[in-house]
Amino acid sequence: MPNNNLSEYNAEFLVKLYRDMVLIRRFEERASELRNAGHIPGFLHPYIGQEAVAVGICAALGKNDFIASTHRGHGHILAQGGDPKNMYAELYARQDGYNKGKGGSLHLANVDLGIIGANGIVGGGIPLVVGAALAIKRANEADYPGSEKCKGGVSVVFFGDGASNEGSFHESLNLAALWKLPVIFVCENNLYGEFTAQDKHQTIKDIASRSSSYNMPGLIADGNDVLDAFHVMTTAVENAKKGSGPTLLECKTYRHRGHYEGDMAHYRPKEEVAFWMAKDPIENFGKRLIENSLMKEEELQTVEAEIEQVLQDAAKYAENSPHPEAKDALEHVFVETYGGRALL
Amino acid sequence: MPNNNLSEYNAEFLVKLYRDMVLIRRFEERASELRNAGHIPGFLHPYIGQEAVAVGICAALGKNDFIASTHRGHGHILAQGGDPKNMYAELYARQDGYNKGKGGSLHLANVDLGIIGANGIVGGGIPLVVGAALAIKRANEADYPGSEKCKGGVSVVFFGDGASNEGSFHESLNLAALWKLPVIFVCENNLYGEFTAQDKHQTIKDIASRSSSYNMPGLIADGNDVLDAFHVMTTAVENAKKGSGPTLLECKTYRHRGHYEGDMAHYRPKEEVAFWMAKDPIENFGKRLIENSLMKEEELQTVEAEIEQVLQDAAKYAENSPHPEAKDALEHVFVETYGGRALL
Amino acid sequence: MSSRRISYSQAINEALSEEMERDPSILMLGEDVAEPGGVFGVTKGLYQKFGGERVLDTPISEQALVGAALGASLLGVPTITEIMFSDFVTLAMDQLVNQAAKFHYMTGGRTSVPMLVRMVTGASGAASAQHSQSLEAWFTHTPGLKVVTASTPYEAKGLLKSAIRDPDPVLFFEHKLLYNGKGEVPEEDYTLPIGEGTVALEGSDVTIVAYLHMVPKSLKAAKILSAEGISVEVWNPRSLVPFDREGLRQTLKKTGRLVVVQEAPKRSGFGAEIAAIAAEECFDLIKGPIRRVGAANTPIPYAPVMENLVIPGVDDIVEAVRRTI
Amino acid sequence: MSSRRISYSQAINEALSEEMERDPSILMLGEDVAEPGGVFGVTKGLYQKFGGERVLDTPISEQALVGAALGASLLGVPTITEIMFSDFVTLAMDQLVNQAAKFHYMTGGRTSVPMLVRMVTGASGAASAQHSQSLEAWFTHTPGLKVVTASTPYEAKGLLKSAIRDPDPVLFFEHKLLYNGKGEVPEEDYTLPIGEGTVALEGSDVTIVAYLHMVPKSLKAAKILSAEGISVEVWNPRSLVPFDREGLRQTLKKTGRLVVVQEAPKRSGFGAEIAAIAAEECFDLIKGPIRRVGAANTPIPYAPVMENLVIPGVDDIVEAVRRTI
């Protein structure tokens, strides 16, 4: 199947991919503004530039599928169905945030939506999806209360080029391969871990090649091409669901901005930045949609306008959401507190 | 160079290889007896069957080279020049032990002999040799008190097939490759991690293949052929010393006994055991020496007799070595105790 | 209730078996816990009974092992994991401390982590510095983790069952030297409540607080002291988190004198927390210095003669009590 | 001695620079410490000054990073390592606890480990549960490690220099909220002794023991209390291991009342150890309950309003002192 051929896909689907990418881009831009305006207290690691990965990958997922994410997680969570309202509310540290203001950007999670969580620890989410896949396997084998929530699913973890040097990467891939678990390990290679370029943190170019250490397929997708990411992911998901085991899928991409809000990213060569800016996943996909008469220029504008509205509403929702009370901090340490004893 | 061709090597060298292997075998057999007789209080993980690896590898090392070892470390330490006297004394938990009775089998070390230590943690020694190589690199670059002790050296770590699934393996190989450090990672694949066969702990057969994840050469040696281990190691050492960086060297071998003293190893198929027993590294090498007229049958017996004497003396030495005093336990927590303050 | 004498390790094995039978979603993971039945034989027969789908041998990959247990637990599959020697938990600290302990909290209570980790702990048989540690205090300092200990077969079975049923991450500490010890255990299903201490021996002059292997040692010490006319109460908190403050207060009401005993190095052990609680909340009851008995602040040496000095012995406890009177 | 006002982070930078100049064998390692000069800018300029052979950026591999530092130190190359957020040390616990802490001991004193690990610690700026922890207590419970803290630029420079020269593994805790604070620091080379506490403020009614960022908070509390006529002595142990027991005793001789303050969760923090030492060794001097102030026993929440409740504030210290009088 020519993965890049728009004619293979129905228009509605393609427009949704485009829309989801725009949503992420604008969500992040606005988050940055809101942070600068003092509404968001914690760190932000913008996903801008990598939208095609999250959207392409999550488009291949359905009910009962789970993702685990990273410090750069907003894109993944939106693509997996996260509501901008509750996400902004969390960034604002309010009661209606997905985590009731307790988590913030680094810990956004919603297991009901299949989101096991962003993560503040580089590589920290990788072992979790091995466990999620183990739960899926158990649910496939047996019925028990709740097993219907993950029967037949796959679990997916996003992580960066930098994270591929953590021990958790190695241990998790080995374990998932050994047990033939339904996991897809999605490495977003954006060429940097913080301020350190890939060639200063590892001696390989294609992280996908590390799959051979586990006798696991290693696939590479153009992470700036949402269809390519979707297509390659579809293969991996099919393999996982039919019991052939995990895949390591590397998406080559780039972040447009610094590592976090405030980083001016002076460590990157101008030409490199220019090269990748020209590969903007949204702009290019929009152009192709127009070229192929799947959308009109005005329709792109309509998408922008709709999303502007969605995000305005979301920011307002966040702003109107009540602050948590200080004493809420003392809740949710445990499910079972033995009459408060466990908290003292 | 035809690595297996005895005529390439001088007779003295070959006899020494044979002798060193016999020393290890008999050292371990006796240790087992001494433990059964109640002289050795702690765990023992016998190296019997793998002697060709330690001897072949360490024969390629010289002054200023360092090894780090494992829980199954006696063979490595003997091959690197450890004195059976001080080793038995340590196993006996006596004052003349290399560690003054504080370490035991799992922690035998002598940095002056280039032995950074056995290790009780699977994979625990792997990062250490990356650091040792860093020290070597520093000594190559600059003069400072002590730099002469490691200038021009290489550092070597032994570890098992089981250890190759630890995160420390992955992180360390990546780091050593990135910094082109003079390290040789020697994986002794004896097909089991404790009671678990290789195909139940990883999905690959050749652990050497994991080197590709670090763009590092991965070599395989017959770990039951001391000359092959020596030959392949020689290449790796040459590369390291000329600045070409690290190598992953897998030695295929087998342990004749259980994981530790007391394990009857019933989990291993009889045919497998028979297959490997027939490949006994010492017996076969002895035969070849005789076939090639490098040693006579009686000379093999002389070696045995000499070693019997060495080990008898060593055991006697250990037995006569004074017990540490109980209060010695309170020493050596720190070099600098600030007048005892640090100990309280 | 009818009962019989079984060993501590058999009591644990029964708890594991009965709980896995009760709840078909529970999985067990660990290094050599399945076919081989565990290095200490504690999980023997479970693989044969529940099959390789439920009892899994893992590679030597502590981080992935604990992380996988957490991931499965998050999706509603309770897990039981063994750390073969608790010293190896140093390789899984991120997954336990940054992930498992904090998930329920960080998600505003929207997830839960029914995860049980069995920690094989303590010094035994000249195992030296990396196979002998008692690390429970670290985890009591990690909000979000529960820490439970057992000192008898009866406690082991009853507390482990409760810990498995607990919806939060629980570290269950088992002491190697207790495995072979036998004791009365009911035939019937029972659980013991987490968060409630127990008076192991009644007395009136001094309270010894002890858990794990220090309980039998303290009982021996009490016997010796009783011959000297000193009446010792031995109180065992059983769970460290949650900790039974009220139980501590009750025993101090009786005795007013306190000796806290732990096997871990004295500095910053859980004994310090107990002493600090007493000095803060029960100061009104305390009649003299609060003494602590713990290991010397050294790594564990190999030679038995040194190990004996480092690890608190019956003598050390006796001596501390004498000095308290 | 002439002096000038510089920031805490500059004081650290100077100590690092001067020590690396003094000893050409020292290496520095960490994530983004070299070319980028560190996430908090603390190592700025050192890469430029000493070159890429001595100041090394590492991959994101905490276990290998700490292990490599240890290996180099064992061969006589002292190392300085940064843990960017001390929370990430959870990934390197084996190398620190099982290896570095025990090497000198396990080898019967035949090796030494001149290894310094800089631990960037504490809550700051809504960094939430995995970037805010204060984990020093764990390491005080690990025999073989020294634990040093700094609360002012003067302490930071003088103690860090001593710690770098120390032949044993030292964890040096730096609090993020202190980095920008300025203070007087001598122009000349100086060191401060490890193992000696300091009276940060003289007083006679109550002693507050505090370290790291709790020192400035305690000084503020003392000011408020002074207006109420309560004279507070603030004593800062500076190093936790070794701990200056004599210094503690001296201040308690003056005041007889003790409030121990730490940022870490209250349960099983180093404050418990201090309280326990006082209750054991200074019971004769103690006039009332020993109070502890510490974080709530929760993970660190994101919302500032909640973080403020969890992390001990000046109010909490004031209140604890009032209750002690």
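Some points to look at:
A, B, C and D label the chains in the order they appear, each numbered from 1.
As a convention for this text, a contact is a pair of C-beta atoms (placed from the backbone, for glycine too) under 8 Å apart; a residue touches a chain by one contact, two chains touch by 3 or more.
In this text, all values refer to a predicted model and were calculated from it rather than measured experimentally.
Using the mean of the Cα atoms as each chain's centre, the chain most removed from chain B is A. Looking at A-D alongside A-C, one finds more C-beta pairs in contact between the chains of A-C. With centres set at the average Cα position, the gap from chain B to chain C is 36 Å.
Centre to centre, using the average C-alpha position, chain A and chain C are separated by 39 Å. For the pair chain A and chain B, the distance between C-alpha centroids works out to 45 Å.
In chain A, the positions touching at least two other chains are 99, 101-103, 107, 119-121, 124, 165-168, 171, 174, 178, 200-202, 333, 343-344. Residue positions 58-59, 61, 63, 87-88, 90-91, 94, 98, 105-106, 128-130, 143-144, 241, 267, 296-299, 301 of chain C are each in touch with at least two other chains. For chain B in complex with chain C, the residues that touch the partner chain are 41-43, 90, 93-94, 99, 101-104, 106-107, 119-124, 162-163, 165-167, 193-196, 200-202, 267, 323-330, 333, 343-344. Residues 66, 68, 97-103, 107, 109-111, 116-117, 119-121, 124, 126-139, 141-142, 144-147, 149-150, 155, 167-168, 171-172, 174-175, 178-179, 331-339, 341-344 of chain A touch chain C in their complex.
On the chain D side of its complex with chain A, the touching residues are 31-32, 35-36, 39, 57-63, 87-88, 90-91, 125-131, 267, 296-299, 301-310.
On the side of chain C, the complex with chain A involves touching residues 23-25, 27, 53-54, 56, 58-59, 61, 63-77, 79, 94-95, 98-99, 103-112, 143-144, 146, 166-168, 193-195, 241-245. Those residues of chain B whose C-beta lies close enough to touch chain A in the complex are 165-171, 174, 177-178, 200-204, 209-210, 212-216.
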